[in-house]
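What follows is a set of structures to go through.
Common to both upcoming complexes is subunit A, partnered first by subunit B, then by subunit C.
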Partner chain A sequence: MDLKDKLISSFMAFENNVDVDHPVHDVRMEAIKNFEEKGFPTKKEEAWKYTSLNSLQKVDFSIFPKEENALEYKDVKKYFLHEIDTYKIVFIDGIYSSYLSETTHDGVDICLMSAALSKPMYQQVIDVYFNKVASKDESLTTLNTAFSREGAYIYIPKNKMPRKPIEILHFATGNEASLMLQPRNLVVVEENAEVQIIERHQSLTGNEVLTNSVTEIFAAENGIVDYYKIQNDAPTASLIDNTYINQKNKSVVRVHTFSFGGKLTRNNLNFYQNGEYIDSTMKGVTILGDKQLVDHHTLVHHIEPNCESHQDYKGIYGENSTGVFNGKIIVDKIAQKTNAFQQNNNILVSDKATINTKPQLEIFADDVKCSHGCTIGQLDEEALFYLQTRGIPKKEARALLMYAFANNVLATVRIPELKTRINKLIANKLGVNLGFDL
Partner chain B sequence: MLKIINLHARVEDKEILKGINLEVKAGEVHAIMGPNGSGKSTLAEVIAGKEEFEVTEGSVELEGEDLEEVAPEERAHKGIFLSFQYPVEIPGVSVTNFMKTAINESRKAKGLEDMPANEMLKLIREKSELLEIDRKFLSRSLNEGFSGGEKKRNEIFQMAMLEPKVAILDETDSGLDIDALRIVANGVNKLKSKDNAVLVITHYQRLLDYIVPDYVHVLHDGKIVKSGGKELALELEEKGYDWLKQEASV
Partner chain C sequence: MAYTEEELKKELETKEYEYGFYTDIESDTLPIGLNEEVIIAISKKKDEPDWMTQWRLEAFKAWKEMEEPEWANVRYKKPDFQAISYYSAPNKKPKYDSLDEVDPELLDTFKKLGISIDEQKKLAGVAVDIVMDSVSVATTFKKTLAEKGIIFCSISEAIKEHPELVKKYIGTVVPKKDNFYAALNSAVFSDGSFCYIPKGVRCPMELSTYFRINQAGTGQFERTLVIADEGSYVSYLEGCTAPSRDENQLHAAVVELIALDNAEIKYSTVQNWFPGGKDGKGGVYNFVTKRGLCEKNAKISWTQVETGSAVTWKYPSCILKGDNSIGEFYSIAVTNNYQQADTGTKMIHLGKNTKSTIISKGISAGKSQNSYRGLVQINSRADNARNFSQCDSLLMGNECGAHTFPYIEAKNKTAQIEHEATTSKIGEDQIFYCNQRGIDTEKAIALIVNGFSKEVLNKLPMEFAVEAQKLLEISLEGSVG
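And now, the complex of A and B:
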């Protein structure tokens, strides 16, 4: 049985275990229908031209983990931003771990999607927001919607800000030979509210893992959301991340994506600007080696006037790795005075590495500032010589230049300890000691 | 200390240095002057070991050792320093961190441990005072957004930190106003000793009012066409280079 058939038949079993009278039941039914009709995307589709899901579909994934698995904190501590205090929503093989988590209902709700979907007190928020910005058409998103049950639920009421950042962590223990996970997150930030979220997926063994995640983010007027995705997973773990963001007037949403690990990573990052004076920022650092693939597909839809979007993605590709950057910007006819900036710079450090980069601008307004630029190059020889004349050997000099190249994306990271952590990850990934404390 | 013997170098098919002979002894300051395109910067870069250039004949020796097979970073470890005409910007790496990396790499090559942090800080403080550099400057990204003067001052600061045996200053005066020029030249003069040597490469004589050379050489078409004392620089300033070009072609 191929993965699609298996998912469809599993859906029946899944539905038997959930409340069919719940309004979300109809949403799930619609969603599975769409997936059944469309199936997994293929390379024939423009949006999947460079990324094939074929080999993943041949893996016999467990759709539901058999049992609850436990982990000791000391064994996974390093994956947390343990330098500072955080709220934590932790899942082990897709199942919530209350032991590793720290949730709260103190003025804000930082808890579980399963609770939000089943308890009446959350009904109103679910009715207004759940599956409202996620695509009802894109097959992998609807697949996730069909199976949506667990994930993070974050609700920040008007004028509130949680005392500390929130970490969402997914661990895969390897107790299943191969496991498919479909977390579903909902983040709602009301007027003048603010939140900082760090999301990470970590497989702890060499067993195959496929995560198809959907996150919906709503930022109301003057809301601020900082979302950091750390993608540094094991070489047998694949991730399809579908993130949908709906912004209202004067809200600011910044998404940083740090992609250093994993086998196949696809990021579908979609911003919808439903208001004026909105700021949407997307930044990414991608450093790959081996046969890794990271595919960034971004979309910014400028629907109203006077908004801004900023995209800055940097990639360093070694060995046989492949990178994709596809940045789509749509500026509607009424979205005058839009400022949309997009930058994608890449360094290839191996003859066998590939990068496919494509800006896609659809501009229907006439009074806008849009700029885009992409570069693909090698390291600057003159800069290399400069460092060498200061006594820095070639290998270290190369690493230092790559570090410098990637580093300026980090300027907008607002959690200093996280910035330090990312700096260290970058230095590690480049395989050198830079000779100073990062 | 530095001995250049019949040095020929080319980039791709173009021969740029066509037989240069020069000896710089410890404690001396030599100036290399010449019109644009005469090979001044190439000479500086060949001494520093730039791989883009192919040395086809002749040699560069430091304290009797032929540098032919020696990589740029090893030349640096042995005591050669090149102050760049156009220093490279390195975003995300502060001046301080850059110097730590450079110094510790140099120490590693000599089999020494990393310099202790307090010693490093003391050294940085001492040398930055010499160049009238304030502390804020040291935490900025290397050369990023620096003015021309700041870049050059930073080059000499690096020289002060690395304490080379032979310092080559490539057009260090370009882009400097008179105050910056004075600070930079003062820095160089304070670093000068009987144990090291300085090679000043310049188009104009202006810098030589501040860093006074013992010898002046004029480079034209890849060769030294005239050598003399510091008065030669003044003569060039007055007459330009044309008379030398004519003299050389006779």
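And now, the complex of A and C:
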């Protein structure tokens, strides 16, 4: 039985465990119908031209974990941003771990999707926001919608800001031979509110994990959202991350994606600017090694006038890795005075590495400033030589130059401890110890 | 440039499609529809050898299995391939000894097009192989070229006279099963140009052909094959105009360029097929496959000015097979009213130290859609490949669209690729500056557009540069205000 059939038959079992009278259940039914019709995307589709899901579909994933698993905090401490105090929403094999988590209802709601979907007090928010910006058409998103039950639920009311950043962590313990996870997150930031979120998926063993995640983010007028995605998973873990962002007037949303690990990582990042004077920023650093694939698909849809978007993705590709970048900017007819900027720089450090990049502009308004730049190149031999003449070994010199290359992206990380952590991850990935803090 | 302001003013006043006339020449037209008999009939009419007939039939067989591509960013009513007549030749076709013998009506047509054959002989030094509805009716300067060993004739003549060359090279760059329209062309191509430059010869003049679609309801299926042997050089010009027709006409040409070691081919096109009326009615469908192959140290340079056609679907490409080979692509695509263009290039780097440059300028006005679609592919063995791409779009008015779809695929770590794209409109301050100095808005725009396109216009041979500049202005006339 292939994965698609298995998922469709699992949906019936899933229905036994959820409240089928809840209005969200109609949404799930619609969604599974769409997935059944479309199935997994194939390489024939333009959006999946460079990324094949064939091998993943052959794995016999278990859709529901059989038992609850516990982890000791000391074993997983290193995956948390433990240097600072944070709210934590932690899942182990897709199941909420209250022991490792720290949630709150003090002025803001930082809790669980399962609670939001079942308790009447959240009903109003769910009615207004749940599955409103996520695609009802894209097959993997609808697959997630069909199985949506658990994940993070973050609601920041007007004029509020949580005292500390929020961490969302998903652990896979490897108790199952192969596990498929489908977390569903909802983030709502009301007028003048602000939030900082760090998301991380971590597999703890060499067993196969596939995560198909959907996150919906709503930023109301003057709302500010900082979202950091750390993708440094085990080499047997794959991630399909679908993020949909709906922005209103004068809101600011910044999404940073750091992709160092995992087997196959696909990021679908979609911004919809439903208002004026909006600022959308998406930045990413990708450093890949053997047999890894990271596919960044971004979309910015400029729907209203006077908005800005900034994209900056840097990639360093080694060994047998493959990198894909597809950045699409759509500017509607009425979206005059749009300022859309996109940059994608890549370094290939191996003969076996491949980079496929496709910046794409679709512009229907005339009074706009849109540009995109894309480069593929190597480290500057002269700069390398200069550093070596100053006594820096070649390996470190290379790493230093790569740091510099990625630094633009790190400059806008607003949590200093997180920046340090990412610097360490980069050093680790490049296999050097520079002995100083960058 | 070489024309005065008065002339330009006059041009602008006659902004309607100026080449929209129809010459009444009796044509020898095949019944509409496409099947094996039609292909055999075309082949027979042209006295083709058996291998050519078989080649056409194979292409037709492949075509039947293929589906019309839908990936391009254009919307149009698909042509009914069974409602087209696939062959139409002016039927009074004597071999002319002098111009006096040519059908006077035909001469009149040429006059309207501004190609005075005798004048060109003397002044421009251009040998023109005029293709009018598929059959070559006038060839000049053949003698001069023959002295150098250059073969420049219609492809049907080449099939008869130089079968060994045609057989060796036809379909090697654009295989007959390459794509839907190339397969169709391979099956039914009526005529086209053939050019062979022998080893070490530098062609002394710009070779050029003019294409026209004349007979109502006939598609034009041109086939061009240019071979530059080792160390040779040729510059080839192609210009197109077509009379107004309400019904959409199909143009599916194939152009193959082969540059052997150390050879250089410069291929320039001015395309001005009928773009359709102001309301989007009519116009030519231009589905063209153009591709060149570079051997060692060879260079192919494509320059195009696309102002016409209702729908354009065209990607002049270079396969940089040999080491140190160079591919260039310079393009201006102008769309106005309801025109749609999806054009660009493919640079396939296979050899070492290969270089490519892409400069594409898109100008959209009215309700038109203009897309750049390109591919830069660096193969894993193509060490030290270098590419520079620049795609700029200019938008006029808020009902048109500009799109870019650049694909970049690199499999070699020594590759250096740069890609830049910008989209903007003509700045109000720029126009204000011109107005201040007494240049009216219309002229200011012409000035700015010319500046915007200059990098590409500069690459055109002189004769074309003037024509192209005028075309740009005429195409954009009335689009601002």
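Here, the second predicted complex is superposed on the first by the 437 of 438 C-alpha atoms of A that agree within 3 Å, B and C clash if a C-alpha of one lies under 4 Å from a C-alpha of the other, contacts with A are read in each partner's own complex, and residues count from 1 in each chain.
What we mean here is this: contacts are C-beta pairs under 8 Å (C-beta built on N, C-alpha and C of every residue); 3 or more make two chains touch, one makes a residue touch a chain.
Owing to the predicted nature of the structure, the values given are computational and were not obtained by experimental measurement.
> For A:Ala383, is the partner it touches subunit B (first), subunit C (second), both, or none of the two (neither)?
In the superposed model, A:Ala383 contacts subunit B only, not subunit C.
> With both structures superposed, pick whichever of subunit B and subunit C touches the larger number of subunit A residues.
If we count touched residues of subunit A for both partners, the winner is C.
> For A:Thr354, using the defined touch cut-off, is the partner it touches subunit B, subunit C, both, or neither? Pick first, second, both or neither.
second
> Figure out whether A:Asn274 sits in contact with subunit B (first) or subunit C (second), or with both, or with neither.
A:Asn274: touches no partner chain.
> On the A-aligned overlay, A:Asn320 touches which partner chain: subunit B = first, subunit C = second, or both, or neither?
Neither: A:Asn320 stays clear of subunit B and subunit C.
> For A:His372, decide between first (touching subunit B), second (touching subunit C), both and neither.
In the superposition, A:His372 contacts subunit C only.
> Which partner chains sit in contact with A:Leu400 here, subunit B, subunit C, both or neither? Use first/second/both/neither.
First partner only.
> In the superposed arrangement, what residues of subunit A touch both subunit B and subunit C?
Shared contact residues on subunit A: none.
> Write out the stretch or stretches of subunit C touching subunit A in their complex.
Listed in rising order, the residues are 71, 378, 380, 393, 395-425.
> Using the touch definition from the top, list the residues of subunit B that touch subunit A in their complex.
Listed in rising order, the residues of subunit B that touch subunit A are 45, 48-52, 71-73, 75-77, 80-82, 84, 87-88, 90-93, 96-98, 100-106, 109, 114, 141, 158, 162.
> Across the complex, what residues on subunit A touch subunit C?
That would be residues 46, 333-334, 336, 346, 348-378 of subunit A.
> Which positions of subunit A touch subunit B when the two form their complex?
My answer: residues 380-383, 385-394, 396-397, 400-401, 403-408, 410, 434-436.
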